[in-house]
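Okay, got some structures for you below.
Two complexes are shown next, each including chain A; its partner changes from chain B in the first to chain C in the second.
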Partner chain A sequence: MSLVFKAEKLGKWYGNVLGLSDVTIEIGPGITGLLGPNGAGKSTFMKLLTGQLRPSIGSITADGQPVWNNTSLFRRVGFCPEQDAFFEDTTGREFLAGLLALSGMGEKEVEERAGRALAFVELLDAQDRLIRGYSRGMRQRLKIAQAIAHEPEVLILDEPLNGLDPLSKRKVIRLIKDYRTEGRTVVVSSHVLPEIEALTRTIVLIHQGKILAQGDIPYIRDLIDAHPHVVAVRLDEPRRLGALLVRDPSVQSVAYGPEEGLVTFETRQRDRFFGLLPKAVAESGLDLREITSPDDNLQAVFDYLVGK
Partner chain B sequence: MAGGVFRVLSFTGRLVRRARRTKVFAFLCLLPVILALIVRAKALASPGRGLDGLAIFGNIIVAFGLQFLILILALFFGTSVVSEEVEGKTLTYWTTRPVPKPAVVLGKYAAFVAVLLVLVLASTAVAFLILNLDRLDYGPAWSFLGKSLAALSLGVVCYTAFFTLVGTVLKKSVLFGFFFSFGWENIVQYFPGSTQKFTVMHYLKSLLPGVGETSPNVLQFLMFRLDPSPAWAAVLTLLVLTAVFLALACWLFGRKEYLFDEG
Partner chain C sequence: MPIAEQGYVHWEGRLDVRRRPWRPIVRLGIRLAFRRKAFKFVLGMAFLPTLVFAAGVYISERLDDFKEMIRGADRFLKVDPEFFKAFYASDYLLFWMLIIMVLAGAGLIADDLRHKALQLYFARPLRRRDYLQGKALTLCFFLLLLTLLPGFLFIVLKVIFSGSFKILAEYPWLPLSVAAWSLVAAGFFSFYTLALSSLSRNRRYASILLIAVYFLSDIFFGIFYGIFRDPAFTLLSVKSNLQQVAAALLGAKPFFEVPWEYSAAVLAVLAVLAGVVLSRKVRGSEVIK
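Moving on to the complex of A and B:
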């Protein structure tokens, strides 16, 4: 069973500057995405998770044990830091082997695991080159390799897709998704919404040091009472569908266009509306082409929550 | 803990051997050898004039080895135990491994000291041989070499421990280290009375009381106002200081949070 992290009323101050405030959260197996703009407190939270920072207030534990200065936990946790920093005069393999040896593994095991990690991130061809000659994408993958090389139960990745080209991003996303298997825990942060969307549906929204919301995207969306769901339906007779549904209490408004054949509903009762819509279409014999929920994505949720 | 120290030492040893900085400082350590070669070549070119190789070697040890070389080496390597990792943002790789934090400090310190000792002692021994080729059967010369190597070794051990502590505490540790090395250590050691005992250099020079006998004119000036402590007291003091510096560095490193500059 993978470690379960619990933060209770966790807060971190840097002098007078707030890093994180009143965070209570439990993180277990699966991929959890931390989302928030730069300076929101994501890195602070990750550093608290990995025992690099000490809570100013509250507590953070892993399976009930405090994380700060608990070096025995680090056998079970892999951390990929945000900063692009390496021991530049070593080769990729030396870098990995050296860090693995710090965990107390024998030479043979170090070699095997370093080889496996390099293969996993597709860096075997470049393993004997100095890191200072690596491209940005290779460096990012090497950082991930050092985090997974000792095969930890928990993988914590701070902005792992930062600065990568689309191809490298796709590779890293695939690597992270592959690693989630076998009940492992992955915590990944990003300030770019589509990146998190590509990785997970379980998100924690952080802004100005506070958790604004947590859960899967529809759940978070449901929390936002002040902002109704938008459902766009494309069909041959949009006005007829609008007329059929406008009287239902779940429908707050109906709008047509701007494209031909498009009707947009606003609803505060998502579940009721989605029960009603297919029934109405089927009973009236309308030619339905597409149903989308344009604001059911992280960008919309995030904008609502931060009050944009 | 001991296993952790050894693992850190081993990895740091590999890193430091590869580092460009090590190559630069290895060249600096060659300067006594280069100087000795120049002096020897000059003596060969003027066969009539005698060469007091031991006196010149004494000058090199005191004026260059003790008062400059080991200070510079200890400053740059000692502070890098922690502060270079913070500046380079690589500290994370050490502090997220299953290694106790004191083991990180001690392992890195031990690796740096080992490298510095090899560089300093090898160059000193070679310089000695070059300058004393014609007096290799002179017993006191070997005794002086032994004392010189001991003083340099203890200097490396103690100063590196001090700068490790400084690097653990201060962000601008190198700047402070320069003031300490070439301000405090190189000036206060000449103060009369007990004040000079507040420098590490006083105890190092106390290990070389025979230097003045070899060449009174030059070395009396260099040992100006030195009121040496007994050798055993000097060694004990240096070892105690080293232990205290390292203990403090480990204690602080285990409790301090290190933040990286953004950007």
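Moving on to the complex of A and C:
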């Protein structure tokens, strides 16, 4: 059975800097998404999960065993760090083979698994090239390959989609989903909600070292919808568009300016509003130039949740 | 928290319970060192004294044949502890050992720090001790190649060329001395190199540190000795301390009139300091201060 992680009143300080505080959570099979802005404590939590950091307070266990310094447990965990972590002078295959050997496998098995992992991340063609010549997407896929090569029961991926182009992102999302279907535990972190949405419905919101909310996507979406979103539209006749939309229940307020041709809407029903806006523009023949959502980011949601 | 998907997996992989988890690190370190052309050249240069001394062993048994050539130098060709001291404590060999450390060792930890690879090591069933053992044994491999191997080769050659075991009868402790000095040299240089490598994320800076500490310590010794004429300043020099200990372990006359135990103590203190540096610098995760 796949490992179940339990954190109880878990806390981590780096000197005077708070990394994580009072985290109590259980993570089992399936994909769990850790969502939070940069510096929220996601990487700290992941390093505590992988036993690389010792908790300052509280405990973290996997199937009842403490994780910290438990090397026998590390055989069952695959970790993909956020930053690039490679031996740049080796080839992709050598890199994987070296790490597999460190996991305790024999030579034949190392070769077999390295080949399988490289095929999984579609890097077989580049396997004999030095890593220093790999593109960003290839490096990210190689990082995932090293995490899955020993076929761990638990996969911990820290910002695996960071800095990837859309095509590479799709590839990596598919890889992670394929891995999940084999019944394993996957913990993945991101500071971008749509990325996490594409991967899982189970989300943990983490902010300033604390868990703010946990649940599935609709719950998080509801939280987000409860927060008024600001949508700014730039066009020739802003007052005409404002008049068309102001009566709709999804619109909470309408404001014009400060620049000419700019109208700003506040809505608590973002999806409904974004359904309505293009329809109104198309039907009235308005000349739309720009739509922006200044606060449509995770930080705004977190600010709302923490009552800023 | 609701669990969206449940699943179970039966682990079918075969994982060894290994006694030597550092082995892949040693293998990788050796392979990467041999990939550098400069390293192969330097290793070749470092073997020159071995060739010269091996020839010396041969000539020592054919003094009459080479009478004209060696005129007056036959006392240097007596294969005894002084012969081994001349080999092991030569500036030339120590210099090339240092250069080998620069090329094969300066980046061993510095590169891992630069590429943030420590977290990959420590996310695997590998302890900090195993990691450091792997790195140190990589260096020991090269150092023992330059010390232990030639030492035993000279003894074997002497036995073959003389057709007798006289050398072993006269100096029965010689093989042990050779082994002891080789281990001391390999151990000290490994600690020295790894500690300085862990002080920087840049292998070039680590290389400069390795060379600077070694030569500056010798220059300071030279300056102070020149002024005060006190052999105690030998203790300031890494090289001189190594030479003193080499002479003592090989049962030969020391270079300086300073008890060799003092030099051994200096080397031991440096090794302990290196150990402290390594324990502070080699961590799985970065620590924010």
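Methods note: the second predicted complex is superposed on the first by the 219 of 308 C-alpha atoms of A that agree within 3 Å, B and C clash if a C-alpha of one lies under 4 Å from a C-alpha of the other, contacts with A are read in each partner's own complex, and residues count from 1 in each chain.
The criterion applied here is as follows: contacts are C-beta pairs under 8 Å (C-beta built on N, C-alpha and C of every residue); 3 or more make two chains touch, one makes a residue touch a chain.
Just so you know, these numbers come straight off a predicted model, no measurement behind them.
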item: Side-by-side fit of chain B and chain C on chain A, or clash; value: clash
item: Partner chain(s) touched by A:102 [first = chain B, second = chain C, both, neither]; value: both
item: Partner chain in contact with A:33 - chain B first, chain C second, else both or neither; value: neither
item: First, second, both or neither for A:87, with chain B first and chain C second; value: both
item: Contacts of A:146 with chain B and chain C, given as first, second, both or neither; value: both
item: First, second, both or neither for A:242, with chain B first and chain C second; value: neither
item: Which of chain B and chain C A:50 touches, first, second, both or neither; value: both
item: Chain B versus chain C as contact partner of A:75, first or second or both or neither; value: both
item: If touched residues of chain A are counted for chain B and for chain C, the larger one; value: C
item: Candidates 1-9, 163-171 or 181-189 of chain C: the single one with C-alpha clashes against chain B; value: 181-189
item: Contact residues common to both interfaces of chain A (with chain B and with chain C); value: 14, 50-53, 69, 71-72, 74-75, 77, 79, 81, 83, 85-87, 89-90, 94, 98-99, 101-104, 146
item: Complex contacts: residues of chain B adjacent to chain A; value: 3-4, 7-8, 10-11, 14-15, 18-20, 88-90, 92-101, 254, 257-260
item: Interface residues, chain A side, partner chain B - complex; value: 14, 50-54, 69, 71-75, 77, 79, 81, 83, 85-87, 89-90, 94, 98-99, 101-104, 146
item: Chain C to chain A touching residues, read off their complex; value: 1-9, 11, 13-18, 21, 23-25, 27-28, 31-32, 35, 111-112, 115-117, 119-127, 284-285, 287-289
item: Complex interface listing, chain A residues touching chain C; value: 1-2, 14-15, 17, 19, 25-26, 28-31, 47, 50-53, 69, 71-72, 74-79, 81, 83-90, 94, 98-99, 101-106, 109, 146, 150-151, 153, 180, 182-184, 200-202, 204, 214-216
